[in-house]
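Structures are listed in the sections that come next.
Below are two complexes that have subunit A in common, paired first with subunit B and then with subunit C.
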Partner chain A sequence: MGRFVVRRLLGMILVLFAISVLVFLIFNVIPNSDPAQRMAGKVATPALVRSITEEWGFDDPLPQQYLTTMEKIFSGDLISYSDQRDVDEEIVKGLPATFSLCIGAAVIWMFFGIVFGYLSAVRAGGLTDRLLTILAMIGISMPVFTLASIFLIYLTYKTQLFPSGGYVGLTEDPFDWAYHLVLPWTTLAILYVGFYSRVLRSNMLDAMSGDYVRTARAKGLSERRVMVRHVLRNSLIPVVTLFGLDFGATVGGGAILTEAIFSLNGVGDYAFESTTNLDLPPIMAITLFGAFFVVLFNTLVDIAYAYLDPRVRLGSSAQ
Partner chain B sequence: MTSAPLLHVKGLRVGFATEGGELQAVDGVSFDLAPGEVLAIVGESGSGKSVTAQTIIGLTRSPNARIEGSVRLRDTELMNASEAELRRFRGEQIAMVFQDPMTSLNPVYRVGDQIVEAIRAHREKMSNAEARKLAVEMLGSVGIPEPARRVDDYPHEFSGGMRQRAMIAMALALAPDVLIADEPTTALDVTIQAQILDLLGGLNRERNLATILITHDLGVVAEVADRVLVMYAGRVVEEGTLDQIFYDPQHPYTWGLLGSLTRLDRPRPKRLPQIRGAPPSLLDLPTGCSFRPRCPHAFDRCTELPDLAARLEEASEHRDRCWLTPEQKREERGVEGRIGLEEPA
Partner chain C sequence: MASESHPAPAAAAPTGRSPWRLALGRLRRNRVALAFLALFVLIALFVLAAPLWANHVAGTGPNTTHTLEKIEVDGEKREVVNREGKPIGPVWFGAGGRFFLGADGRLGRDEMVRLMYGGRTSLFISLVAAGLTTLLSIALGLLAGYYRGWTDSVISRAMDVIWAFPVLLLGIALGTALAVGGLQLGPISISGSSIWIPILIIGVVYTPYMARPLRGEVLALREKEFVEAAVAQGAGPLRVMLGELLPNLWSTIIVFFTLNIANNMLLEAALSFLGAGVQPPNSSWGTMISTGFDVISSEPLLSVLPGTMILLTVLSLNVFGDGLRDALDPKSKLRLEAHAGLAEPEGTPV
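Moving on to the complex of A and B:
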């Protein structure tokens, strides 16, 4: 277990390094991405551009520019090119909104994904199953921006039931916090509810024909116990894997659209803004931030896996 | 049989609605099982032996299944019992051991916990600790070494033979009256098979346990069975005591099964005899005797289904479904000095 974590940490550093180099290179080959030109504004004189280039070191060799940027990210000195704000500070400012959105949505999608998947599987072929299947298909095929627009039109502008956006701190007013997040949570969670319920349903149907389920019935267990303790328990293993990946990806950038549409001012919002401005420092920092969460949750999933499935042993003691 | 039957199965019929039409997996199976008796049900895959066994404890109940007939345990009719009533019998009075011990235990729970779960499903008042103690005791009694330690192992930490022992321990933890063992040795190595059979035989004697042993392996039958039921395409084609079936078999299908056994005490045949053809599809059974298309001794009358009846004056419990006269049978079944089924020259 200790060795496993160390190995994964080393792997994480490698992944983050590779991603940062990639993003840096991509940024440098994008046309019109010369930051000096952009910083100088629309009526830039060549002299101004030159002086900015020198001041910011944009004429240094690429590896050196890369090193300087990375060093600044980790020392907290990174300054945005477009508005000269401190990047790390901006990210930290966005964290509460992003985590509120992602954690809340994750709770919703896991809960409904499991409940709907379970009901679908237990009543396979019945009316409940068909209804849930249709709902899941709608959820899966509905893009975030469409869903968000529908919510905004019908639940905000026409009926004034929910606020159109904005983030209220949890500590400021917990009720208002949740009230502002209901629509973003729902928007973000629906896709996953549909997807997870389908995955769980098919896993459970597979498991139901398993020999150990027959054994459980032959022991005289109640149908409910057979379903929950044996069928559901075993079918959750792949769902937990998916969850780790999806949650990591959501925190690491998957919620950008939702954040932007509901103007939550989270990290995703910041990423959206920086990308539109071709602002390298925040893009680099946010990409690393996202990659960190993806890798982190991957590792956590692998650890959870060993607890969920005793046949899996971590590290070198694996059979 | 002098003792009253413990389990009484009469006219059991199980049909399943499938896409290709309704198929009759079990067609009129009847038998009695006395305490302490080992009844072997023998037949090829698809002969209906497993479906018969699973129907006894209601495991085949489903919207697609049509089940008729009677299964009585002592004085209780199980066929019209509700699912909840039936559940009290499962595991508690009729326990089952399945074919593949590799997949019959849930991989994510400890072996001991799975046994405890079976115990506590029927003994609500028993504490977890007591149930665990019983589980350890049972594991020890089926020959698991260091049961107090192994009780906390996961199934994948057990060998195949140990898993089957654990399954048997689980089945017997509540001291059931009837044990149904569905091909309990098929998935095991030959040496382990012998150990498991010894174990089953021993338990059967010690506990006066009535056992239904389902198998396609006549070698296994010869080891432990008192009585034998030979099934073919959903019907019983012959039934009798172990000796009757092995030394005076009346149905050509039984001859075929016996003839295809390898024996160490006889000269080795050039080619192992086999029953020609394949079992019929249950969706498209031949009229009359189902074995007719594969039987080298079939004649006109075989298009009419023979009853399962005692056809020998001296043995009223030995019954079969074949139109040949006992004299013809004794003559035809001799092939190269042994019982077999071969193309008449």
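Moving on to the complex of A and C:
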């Protein structure tokens, strides 16, 4: 186990380094224009461009530039040249909203994904299964903004049932917090509900042909007990793996659209705002932190997984 | 489940049927998949007919403004955009096909014409980017799987790095970095507002999701006897890769290609919605939704229409792609759990 953790952590550090190099290349080295000009954004006066070139060392050799860039991002003195705001501070400020959105949505998508997947598998081929399959396909294919626009039109503007957006802190007013997040949670969760129910369904159908299921039936267990205790539990393993990956990706940037549409003032909303203004320093930092979070989270999930299931850590050394 | 597993009646002369024929037969019996293929073809025809409709029915272009004009709807004069800046709603054939779906806002452009032209952009980007992803994935998958060793390590690690980025975030990073200055690659120069920028970005971002499973298949295939036989006959690496391995990958490639178009369409719309995809003066369904959202409370149709078009296109491709998978791969080696947590393109969050 110790060796697995060390190997996994070393691999993670390498990937983190490669990610930071790639981000650096995308923003500072892409050919055909002066990076300082692009960093400066819309208000690029010659004086500003010159001072940015100086500050970021764009005339230095590339390795030196890379170090300067990383130092700026991680030491927290990265600022946006369009509005002078401190980038790292803005990101930290957005974290509560982003996590509130993602955790809530994750609870919803796991719950409904499992319930619908289970019902679909138990009634495979029947009416319930077909209906749920259709719904799942629609969920998987539904663009976030289409669903959001339907919610906004019918539940906000026509009936005034829900607010159109905004974020209220959990500590300020828990009820208002949830009330403001109902629509964003649902919007973000639908895709995954569809996807997870399909994955679980096909896993369960495969598991049903297993010998241990026949044995369980032969023992005289009730059908329900066979399904829940034996089939469902074994079929959940890949779903949990997927969940680890998807949750990381959602926090790391998958929620941008939902945050932007419902003006949640989270990190994703900040990314959206910066994208519209073509304000590069914040986008650079958000990209880097987003990818870092995904890698960190995946590593933790892997380690937790190896701890729970010895086959993982033994199997992976063969790779 | 599959009826061809029944033994053939003794009387029938045994005729050879290729796996492709069998797959086609299975696909033919899948009515749902065919219906959704038909839906996709309809959508494709709809957007291809854009110039026809624009020139012969609506008599206007996608970017032509009609702010101060009046049109005759069922014999009654109406302003395209009224004094409060509210655009005319759908008039259907009331004005002989002009402003079929109304106007698109203060500028008074014909929404139907815009919807058709926007769809052309969206579909074009999705298709070409899917082609790019497929070509890159085949090349990388074959090289990594055939040569193994350090070639595989380099390619796989590079894929891992791209993989680590949330798709949308990497798209935004590339989109914003390239939208300002464009791209200069040797003799090729692409301006920042060209639709080739989103095509390149989307094509590259999704490559690992297709290259990884292909590499896995190549790794397994190259141990098979037919590869050994080809090598024994003196076939070089290129012949083995293109002549022996590639033909065995086609069913995987076709399925992934179809689902990839659907994902590309979602990513293009998301990037354009955020301002990091299609840039003006071009427009796509994504940019239309983005402008529609600004007036969603008064003109809900302007964001719902392009949104619904995207939903229908993506849905048709996903359902048809699923049918293709069942037809080409009845034993489901390509099923979701085979790559649990790995290369399932329909699971990649956008």
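Here is the rule we go by: the second predicted complex is superposed on the first by the 264 of 319 C-alpha atoms of A that agree within 3 Å, B and C clash if a C-alpha of one lies under 4 Å from a C-alpha of the other, contacts with A are read in each partner's own complex, and residues count from 1 in each chain.
Note that a contact is a pair of C-beta atoms (placed from the backbone, for glycine too) under 8 Å apart; a residue touches a chain by one contact, two chains touch by 3 or more.
Quick caveat: nothing in here was measured; it's all calculated off a predicted structure.
Enquirer: Applying the document's definition of touch, where does A:L308 land relative to subunit B and subunit C: first, second, both, or neither?
Expert: Only subunit B is touched by A:L308; subunit C is not.
Enquirer: Once the shared chain is lined up, is A:R233 touching subunit B (first), subunit C (second), both, or neither of them?
Expert: Once the two structures are laid over each other on A, A:R233 reaches subunit B alone.
Enquirer: If you stack the two complexes on chain A, which partner ends up touching A:L191: first (subunit B), second (subunit C), both, or neither?
Expert: second
Enquirer: Check whether A:L278 is in contact with subunit B, with subunit C, with both or with neither, and answer first, second, both or neither.
Expert: second
Enquirer: For A:G210, decide between first (touching subunit B), second (touching subunit C), both and neither.
Expert: After superposing on A, A:G210 lies in contact with subunit B but is clear of subunit C.
Enquirer: Can you tell me whether subunit B or subunit C touches more residues on subunit A?
Expert: Answer, by number of touched residues of subunit A: C.
Enquirer: Looking at A:V199 after the superposition, I want to know if it touches subunit B, subunit C, both of them or none. Which is it: first, second, both, neither?
Expert: second
Enquirer: Applying the document's definition of touch, where does A:R224 land relative to subunit B and subunit C: first, second, both, or neither?
Expert: In the superposed model, A:R224 contacts neither subunit B nor subunit C.
Enquirer: Would you please give the residues of subunit A that touch subunit B in one complex and also touch subunit C in the other complex?
Expert: On subunit A, no residue contacts both subunit B in one structure and subunit C in the other.
Enquirer: Would you mind writing out the residues of subunit C in touch with subunit A in their complex?
Expert: 157, 160-162, 164-170, 172-185, 189, 262, 266, 269-270, 273-276, 289, 292-293, 296-297, 300, 303-304, 307-308, 310-311, 314-315, 318-319, 322, 332, 335-337, 340-341, 346-347, 349-350
Enquirer: For the complex, which residues does subunit B have touching subunit A?
Expert: 57, 59, 83-84, 87-92, 95-96, 98, 100, 103-108, 117-118, 121-122, 154, 156, 167, 170
Enquirer: Report the residues of subunit A in contact with subunit C in the complex, numbered from low to high.
Expert: These residues of subunit A touch subunit C: 15, 18-19, 22-23, 26-27, 30-34, 37-38, 137-138, 140-146, 149-150, 152-153, 157, 191-192, 195, 198-199, 202-203, 206, 238, 241-242, 244-246, 249-250, 252-254, 256-257, 260-261, 271-272, 274-276, 278, 280, 283-284, 286-287, 290-291, 294-295, 298.
Enquirer: Using the touch definition from the top, list the residues of subunit A that touch subunit B in their complex.
Expert: On the subunit A side, the touching residues are 210-212, 214-223, 225, 229-230, 233-234, 237, 308-311.
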